[in-house]
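Which chain is which? They are A, B and C, in the order written, and residues in each are numbered from 1.
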Amino acid sequence: MHALADTAPAHGGRRAGVVAWLLLAPLALWLLLFVVVPMAGLVVYSFCQRDDLGRVVYDFSWENYARVFDPIYLKILGRSIGYAALTTVICIVIGYPVAWYIARQRSPLRERLLLLVMIPFWTSFLIRTYAWIAILKSEGLLNGLLQFSGVVTAPLSLLYTPTAVVIGLVYAYLPFMILPIYGSAEKLDNALVEAAHDLGAGPIRAFSHVIIPLTWPGIAAGIMLVFVPAIGMFAITDLMGGAQVPLIGNVIQNQFFRARNAPFGAALGVVFTLLFILTYALAHRRRRATTA
Amino acid sequence: MIPLPGSRVITLLLAVLGLALAPLRAANKEINLFAWSEYFPQSVLEGFSKETGIRINYETFASGEEMLAKMLAGGTAYDLVQPPDYIAEALIKNRLLVPLDYTKLPGVKNILPEYLNMAHDPEQRYTLPYMVSTVGIVVNTERVKEPITGLVDLFSPRYAGRIVVVDDARELVTAALYVLGYPLNEINAKNLAEARPLLAQWMKRIKLYDSDSPKTALLNGDVDLGYVWGGEAARLWAENPKFAYVIPKEGAHQFVDVMAIPQGAKNIEAAHRFLEYLLRPEVSKAISDEFPYTNPNGAARQLLTPEQRANPASYPPGDRKFGTFRHLGETGAMIDELITDLKNAR
Amino acid sequence: MRPPPLLPSFWDRWSGLRLLDAGLGIWTGLVFLFLYLPILVLVVYSFNDSRLNVVWEGFTLDWYGRLWDNTRIARALKNSLVVAGFTTVLSVVLGTVGAWLLHRYRYRFGSTLQTLIAVPMIMPEIVMGISLLILFTTAGLKLGFFTVIVAHTTFCFPFVLIAVQARLQGMDPALEEAALDLGATPVRAFFLVVVPYLRPAILSGALMAFTLSLDELIVTFFTASAQVATLPLLVFGMAKVGLNPMLNALSALFIVATVAFVLFSEHLRRLGRRAP
């Protein structure tokens, strides 16, 4: 969790004057209108009731919050966080060397490689996911290859398993790890790496003592950009995992659509968002304390 | 709304108001249609526009609940919506639909009587049936040799890990209620408590849940049996007749997607013209050509080819009586919670 | 930009690095294979002679022909590109300027703002979609390009902002100060010194924003009207009937064209330079 706050600078710099505030005004206004106001609406909803059509009835009650802390929903949240964390770790392991390698290339080539990382995602996720299904299905590409090469005799059951879910999640989020790490690695000065070597550091020591700390802002940003959205993801996991287990994203969506219980969905959303804000703020404070 | 003698005046006033509010939108030259995606052939929409000069803005949704959420939030004034029967029922109860003017819809005589005056609109005042679909069992007869006649066969332990089911809490609960012998709309704590152990057992044997395209896993051979929408089954059968469709012996229900005019519609006149156009046998047949659901239009059915009529998923043989979903109020949440809980236990 | 990386002398002194570099190259190649494997499958299936496009049934070019005639798909693609284009520009402006200001100045409520910026990333799409729809309806806004672009920018710009912030950390303040000392106004210094330094992060942020916008379904559903329906809305609807190979054909054309453009852009650039 520490990483979440690491992306934000510990507020240094000079105090903001009138001009600085004016420059920030569009952003602040945008956040107020399109983030704070909808969130306020969400909070209001979460204390309401609904009529049988699913419309919100303004009738105060704590009932929805009492339900949120039912162990069912806590377990679902825990599972979602687990999948997101696993995805993030795998993305770092796979993505870091790629980002590093791309950043070491010469200028036009590295921008082009960066673009090539992202282009596969310019098709609809549904079409991409169906392509994965074609690869992983029991009579699919991968099983065909494995059987042809004699690695397995009977087709493996890959699709609709937790493995498939993780493959789908890693595939979807990998670029969001590679890109920010690239941003940090690209500015890294070779002289530093060289200096580490001159001081007698082997590659591993140079990596863990020099390169990792220097690219840490990129890794932290990557964790933020992968881990946070991955918690709420469910469309890909449903298609590739067979929707056998609920995740927090489906549960919230189902309250609005299937169960037509917007107030309860709102309560889940509020708790979910608050939990995130709290973690973020705590990590941020700790970081400020350590840098101070 | 009760059709008062003054309702025409109100309509007119609304139309004038609409005109004043949206000066760019020529009155009755445009219809805002909010319907299931991929449910109107392009030729049908274009044919209507060519004939009448009325343009159709076809906005789509992928589930009835999505439609309801967006319609109630009120971003766009729709002239025609296409809810499933149980949502239409809720809309009628909440007085959110405009009564139809049957003097403008003589084509209604083409609709088969069993699809009129159904439970969701007993007086047939607000809705017209568009297409109908059942929910039933698909069997890959190359892989499953034993006869499958009902839900008990489908969910038997021997098929564990070989079943796809639509990802819909109410469908699962309905299947359990049928097996227990309860009417499909009698959803209460006692019946759900009885259904619970049965569902827990079944759900351990389900390989995957998919509402959007359950046919994919069947075609891929990842599963051999399914409890799916009739439309999906009809496409599977058309692709390969090894996919048999079985109406469960314990009971089955059907959906009717209906057309209706919501309150706030601006071009009620044009909406009626489009509805009447859809009732024409040749237009309705063109819809069936592209989307193989059960067509409630008797005159259109006469025009279908023998192969189309032989599709067991579109036109189940025999004289089975089907139930329909009624609108559930509060109890809908109980169903959702039960299924979430059971899935979560895995 | 920096001169090309590793010095030749460095190579000689540390030959292990060369091996490491080759290893990294192979790894990157494998990851690219992973990224493009589904795309390859998707392209192959665009030639599949089957309406339901699940099982391979034979080769056809039919879908490409039909794509040509399909106005709905063409319009949806155009809408998607318009929305993603505007969203990217707005996100880059909001994200870059925001990141820079938050880095350079100390604001009251700065950490509150920082937290709020991250909220759209975690807010469930459905919640954001419905609440924005209600907001737009209340404000009397007609659904259209404007509403979709505003909604998309709201969840896209945090990605740019965070990517840029990561790059800003550890930036040498002397860079900007030098420019200021040489008499540049802060605005000029921003564009002359800061923006070039941030370029890699802005590029990656822009790529993320464009990609996210292009593929957003639920927020778009609630904030779009029929006229501005985007590709994901169309694709999702088609899934019910069976994902048509036409969509694969469209994706294939789109991706192959972009990849080809990227790979040959250097060549094109040279051609362009040679022309008067």
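Operating definition for what follows: a contact is a pair of C-beta atoms (placed from the backbone, for glycine too) under 8 Å apart; a residue touches a chain by one contact, two chains touch by 3 or more.
Remember, predicted model here, so these are calculated numbers, not experimental data.
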Touch-based graph of the chains, sorted into line, ring, star, complete or other: complete
Pair joined by more contacting C-beta pairs (B-C or A-C): A-C
Centre distance in Å when chain B and chain C are each reduced to the mean of their C-alpha atoms: 37
Inter-chain centre distance, chain A versus chain C - centres from mean C-alpha coordinates, in Å: 16
Where chain B touches two or more other chains, by residue: 66, 69, 216, 220
Residues of chain C touching at least two other chains: 54, 130, 134, 236, 239, 243
Shared interface positions of chain A, touching two or more other chains: 130, 134, 256-257
Chain B partner contacts - residues on chain A that touch it in the complex: 51-55, 72, 75-76, 130, 133-134, 137-140, 159-160, 238-239, 241-246, 251, 254-261, 264
Sites on chain C touched by chain A in the complex: 1, 4-7, 10, 13-14, 16-17, 20-21, 24-25, 27-28, 31-32, 34-39, 41-42, 45, 54, 94, 97-98, 101-108, 110-111, 113-128, 130-132, 134-135, 150-151, 153-154, 157, 159, 162-170, 197, 200-201, 203-205, 207-208, 210-211, 214-215, 217-218, 231-232, 235-236, 239, 243, 247-248, 251, 254-255, 258-259, 262-263, 265-266
Residues on chain B engaged by chain A in the complex (per definition of touch): 63, 65-66, 68-69, 72, 90-91, 93-94, 167-169, 206-210, 216-217, 220-222, 327-330, 332-333, 335-337, 340-341, 343-344, 346
Residues of chain B defined as touching chain C within the complex: 32-33, 36-38, 42, 57-62, 66, 69-70, 73-76, 212-213, 215-216, 219-220, 231, 235, 239, 291
Chain C contact footprint on chain A (complex, rising order): 4, 7-9, 11-17, 20-21, 23-24, 26-28, 30-31, 33-39, 41-42, 94-95, 97-98, 100-102, 104, 106-108, 111-128, 130-132, 134-135, 141, 171, 174-176, 179-180, 182-184, 186-187, 190, 194, 197, 203, 214, 217-218, 220-221, 224-225, 228-229, 231-232, 235, 249, 252-253, 256-257, 262, 265-266, 269, 272-273, 276-277, 280-281, 284
